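Once you scroll down, you'll see the structures, which are given as structure tokens.
Heads up, the next two complexes both have chain A, just with different partners, chain B and then chain C.
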Partner chain A sequence: MAHHKTKILAMIGMLILMDGCSWFKKKGRGNQAAPRKPKSADIRSGDDGEPGLSHRANVRFKKIFLLRNDYARALQLPPNQLCVEAGKDCLENYNIVLGGVDANLMLYERIEKPVPTSPIAIERVALQACARRVDLDFGGGSPLIFTRIPASSTNFTDAHKDAVQRLYRNFLQRDPTDGDYAGHEKLLDSVSSMVSGNEIGKTWAKSACWMVATQLESVLY
Partner chain B sequence: MAFRLAFTQARAAVMALYVVALMGVSQPALGNAANARSLCAAAPDAPGCGTGQAECATCHTGAPSLNPYGSCLKDAIGRAGSVDAAIKAVMRNDCDGDGASNFDEFVSGTAPGVADESQKSRPGDDRSCDARGAGSGYNLCGYDHDYAYKRVYQDFCGISPTFEAFQEFKELPLTDKEQRIASTVDACMKSNFWRGKGGILWDMAGVKVRPLSVIKAGDDGGEIPLADYYDDYNLYIYHHVDDADVRGVLTANYYVTRRDGAETSYTPTENVPLTTKKAGVLAVTGSFYNSTQQFVPKDKRAGVLSTSWAQNGLTMFASIPRSTAAHFYRVYLGLDISKNQGLVEPGSNFRLVDYDNKDVTRPACAACHRSLDALTYPFTKYNGLTFQILGRDINSAGGFVGGAVGGTVSLPPFLASIVQGGSSAFGGDLLLLGEYNENRMKILAKMNATTEPNLASTPSSGFILGRPVNSLPEWGRVAASSNEYARQIVHDYWRQLIGEEPNAETEDDFESLVENLKTKHNYRVRNLLLDLVTRDAYGAP
Partner chain C sequence: MSRSKKNSKNHKRSGLDRREVLTQGLILAMGPLLWSPRRLLAAETATDDRRFLIVMHGSGGASIIDSFMALSSNEVRSAGGDANQLNCYEPAQLVSFSDSPLRAVNYQGTIAVLGNLKVQGAQDAFVRKHKQDMMVVTTESTSVTHTTAQKRSVTGNEAWSGRTIQEVVAASYGKGLPLANLLLGQGGFVEHGIDSSLPGFAKGILVNEPATWSKGLSSAYGIDEAPSEEVMAVAREIRDQMLDAPSAFYRTFKESPVMRDWIRARSDTRDLFERSKLAAGLDISSGNANAIELMRVFPDYTWDPYEAQAILACMAITQGTTCTVTLGPSFTVVSKGGLSETRNPPIGFDFSHASHRGVQSLMWTRMLSITDRMIGFLKSKEYPRGGSYWDRSLAYFATDFGRSKIRPGAADVFASGHHLNNGVLVISPMANGNKVLGGIDPKTALTYGFDPASGRPDTGRKTEEKDLFAGLLQAMNINTSAVHGAPDMRAMRRR
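So, the complex of A and B:
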């Protein structure tokens, strides 16, 4: 029960703290009355500049195969074990909403735009995949992304920074900006206020991973 | 029997819809091909007018309901007296109230009848593209090699480049970047992600093949094996990779086998051996054809137009297989007759005759059937699921198709002995599933003497795109050489790689790719794609 409560608190915290993530901050600086659509140039910008819109802005969402491959390599997990539910690869359950085809259902053409359930599917996969990576990294073996993260520290250490850098390099093929680091530091503050003891490091790691994996820059291209 | 009953019911349902559609025609209809062409004549540069006539959705939310532009136009017709005058009269109006005039929407490729709120809310930004792109890491002024490289990796290889590979690329000189982009495309087009079973091309082929797993024979076969459409996938993919001529999809007089492995390979072959798994009905015809599963003689083959799947899976029981012809017309030439597209008049010498007693000569029906029936006649010697032998229709005599359920063939005893005897024992009235048969229409005429008495006179020559053709291979050659075919190929890859329709800014790129495919690239898809990824439409963020 306590475990579930912690999870729920963490999820709420993540939603609140999305404001700390650079893309969401930028979006807020647009036209307040009518938020504009995210464009590729904005997504990439971080807090370092004030770029304008690309008038082309042909942004596409990553279909299931690309999402699977990118997540698998970013988290160094087998592609069919990112998300396992009832013993099965859960991505298959979301095949259509993630832009797959299914001849058995006579669905031969991919959806070109995400449907309302696409983000839910992406977030679900990302959360499970991140949790698997974190469990492995905190499980006593050789950690690949979250190395030497203090289990209970509330300070944003170099180990936290290194992990953030790995996440950005693996998911987004770029280094994090100062704004990105600041967002993840703020995330640690919030996590620290919601969980305690040895759960802090692990909860932050899952949240940080999920934030990078599900931000638009990661799921659109 | 039950199987055929289901198809009979389905056919009845289609006829019912047809009648409903005809009832709609009794009212004055503005949504017709002529008016759709008028619209394009008034806005010739508008995207979507590449086929010469606007789409139904330009005016309709779903016929007969009108969207705001359709309502606008309808009111204007009442005032102006003619469609042409009304189209011009409302061109500068903003019927959907989204801040962009109808004309501007046509030119920019957006829908004049669907309000796009982003047109209103998009903030103006008068800065130069350099200024707008500053700090973003993107070149907003044109082709961005870094952006294109990453995208090529994602589109052709199915994965983003690693951080290290991307950093290394960004440091390269411009010419090296161009070479690297091309070599990445080339290398990944050889990958299973691109050309293997379940890969990108496989899924693109699926849109054309329209597989139905329950009636698949062979590997991954279903419960009622009628044909092995993997042969059709193989034909399609083979002609879209390496140095193959993409026209071969519609013109090949050979088949293609696939070998799965670390690098999937496709090899042309004269005949495809009969599958050992779930052969279903193919086993019967195959027993007359040296244990193969494609039964059309070499000189009668026309790529995917004449496969067992086209015949058993698409034509099925139809005497005059209009839906088969319309299917290929739609998926390979982009002309959907149900949307009034591609209704090219076959010419004054063509006489529409109601050979199969379907009332196609009624004026309301003839408007489409003059084109459709002329398009279909070359398919009439290619049999589907009608099985006739020595004057007996085996389908209705009992249990043949039903016997194939479960992947095994259970032939009636008298038929089993005939099959064992081989085809040489028979003369005229032998019609096998999925075969080419010169006498097909005559045999069907005998079978269906009461319902389709004029079938025997059905010609096998017809018209496609206004050109006379005497056979299906000729149909395939004319289709494959047409501008429509080249456009559809470019369009398929454009949608795959760019993800949106060509618009006013990218229309020139699109048109030049179509032209290049036919000329400079000599119908090689590989060269087309190497060209496409260099265009601003692909590589300008």
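So, the complex of A and C:
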């Protein structure tokens, strides 16, 4: 009986020791043991709060189907008409570098990491898709993103701001920060000095749309 | 670096101007990386003594006994074999040459399952024209599964830490080239190797649509509705500096390798491509002076992807962008019209399962025709250091495996299966041309190996995948000491 009691006491002692060790371990971490402030709110709202640096980031690039769907939804265009080259959906031309597969070529494993031409292909798709949206919005009818943008104004008007806000909400699901607005205003300044009067609004719209569509936040996740 | 050290570093930075911190962050993210094109461009002039590897793949099993090592029925009978049961040809179907050990099959027939497609094989014309550069190497591979066998045909069965032969050549001769290793083909022949120590610039670049792919080397080339280059440059700068750099997304995930790669590619790589005007230079269109001649040489490029591949391959080599190209017929049907105009049967050479001789003849003719035209073009283009591009090129006819050696009852039309035993064709001024290395047993139609030093046939030897791999690289003047156990394949080199 005494033998069993000794055993039980020894086990209880070990449990206390283990718990004590883990307490010291936690204590030794100092502030890091405290729950970290969730940063997602900062990231979503885009405020000036310093976001936490992720050391274990598992960032991926949007593969062809995700990219196509996101662009189509953001620009409210049919998914197979974002860009057309040589008479067909241009995304198909860059299928492999955009992480697609091709059974005809017996390539069944998609690339997980971008290759050097992946960002270039995406910039190309974005440029054509944005140009298509801008042409539709400036062509009369019912504009969806670029409404009432003056054709030749060099001032960053409320119409410009509204368009920027729609771009950010559609592509990034957040509102633009003050810094984002400043970037688009600077773009308008530059465009005004580079193109002739009636082309200012349209050129700004295409470039502004392309900037948002190809931002890191838009193509990586 | 410990977390506390990182925190203190960040704390020190807080005294700096915010933009400076962000700019430094971006520069750090881009970093001195393996495939930094600017670094490579600087080194370009140092490596102008290049060699070029053309991997011309025959998907599905290009059989050497239906081409340059074909047997005649008389030979089989003389050796005591059963000519009715062995895949051998009647003397009238075969061409031998007094000044060459190579054979040629001029098979004529039809392929019933392809709408009685007429086949008119004429391998002899190719041999007469190129025999001095043609070398046949007998082989014994290790897999009859297509993709596995294809991959092994370019890795020597993982002989060099899993690098492909294209990657080895690109690592040796591709420094400074923007598209060192261009993969235009299909299947296991264009898979990446598994050696993580491979320099980034040597990694293959896959092309799925050869006729239009080059446009994807530029963000705006050929897009009529694009803003001017100046406007795009400003937009790019604002995006990078004012939108991305301060964003919470970038600051949170900037340590991600994918993000670093992305930033590097859209800045350094894009700059290099734009500066080199690659998209315009490799564009297959009448607006590109470089392409016009090749569009005449390969006029069917609009509907035959193999011809488009050949145009892109020739342009890439002769414009100094590439040192190895991989191309070949695919497993997909290619036809301008109906079934009876088929140029590429379904599953390529592997359609021999349905009609062996007709398909072998059709596919060999197809590959030799493209090769002949590519050689002609490369011979006509002078390499900057003198001589032609062809003088520095080696075409390796990689294939999955051989085909079965038997036939039923002296049939001329029959089906075949996969077989490990085969041989491959190599064409190059650097190869030991006008040679058959190894031999064939006329009783079994099985090939055997050769002495690596003298090239003497040796019935007791087999040429393994790693031996062939090493021999090809040695012929291209590449040190193969990294290939464990591979002999010096002196017999495969001209000098």
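Some points to look at:
As a convention for this text, the second predicted complex is superposed on the first by the 173 of 221 C-alpha atoms of A that agree within 3 Å, B and C clash if a C-alpha of one lies under 4 Å from a C-alpha of the other, contacts with A are read in each partner's own complex, and residues count from 1 in each chain.
Going forward, a residue touches a chain if its C-beta (ideal position, glycine included) is under 8 Å from a C-beta of that chain, and two chains touch if they have at least 3 such contacts.
As the structure is a computational prediction, the values presented were derived from the model and not from experiment.
Of the two partner chains, both chain B and chain C are touched by A:Arg60.
Using the contact criterion defined above for the overlaid structures, shared-chain residue A:Gln173 touches chain B, although it does not reach chain C. Judged by the touch definition given at the top, the superposed model places A:Asn104 against both chain B and chain C. When the shared chain is aligned, chain C comes close enough to touch A:Trp210, but chain B does not. Using the contact criterion defined above for the overlaid structures, shared-chain residue A:Ser192 touches neither chain B nor chain C, since it reaches no partner. Between chain B and chain C, C contacts the larger number of chain A residues. Judged by the document's definition of touching, chain A residues 42, 50-55, 57-58, 60, 104, 106 lie at the interface with chain B and also at the interface with chain C. By the touch criterion given at the top, residues 32, 39, 42-43, 46, 50-55, 57-61, 85-86, 92-97, 102, 104-107, 113-121, 123-124, 127-128, 131, 135, 177, 179-180, 182-183, 186-187, 190-191, 194-195, 203, 206-208, 210-212, 214-217, 219-220 of chain A touch chain C in their complex. Those residues of chain A that touch chain B in the complex are listed here as 30-31, 34, 36-37, 40-42, 44-45, 48-58, 60, 62, 65-66, 69-70, 73, 101, 103-104, 106, 108-110, 112, 169-170, 173-174, 221. For chain B in complex with chain A, the touching residues are 118, 120-123, 125, 127, 131-138, 140, 150-151, 154, 158-163, 166, 193, 203, 206-207, 210-213, 495, 498-500, 505, 540-541. Within the complex formed with chain A, the chain C residues making contact are 3, 6, 10, 35, 37, 146-147, 185-188, 190, 203, 205-209, 211-213, 215-220, 222-223, 225-228, 230-232, 234-235, 238-239, 242-244, 246-259, 261-263, 265-266, 269-270, 273, 330-332.
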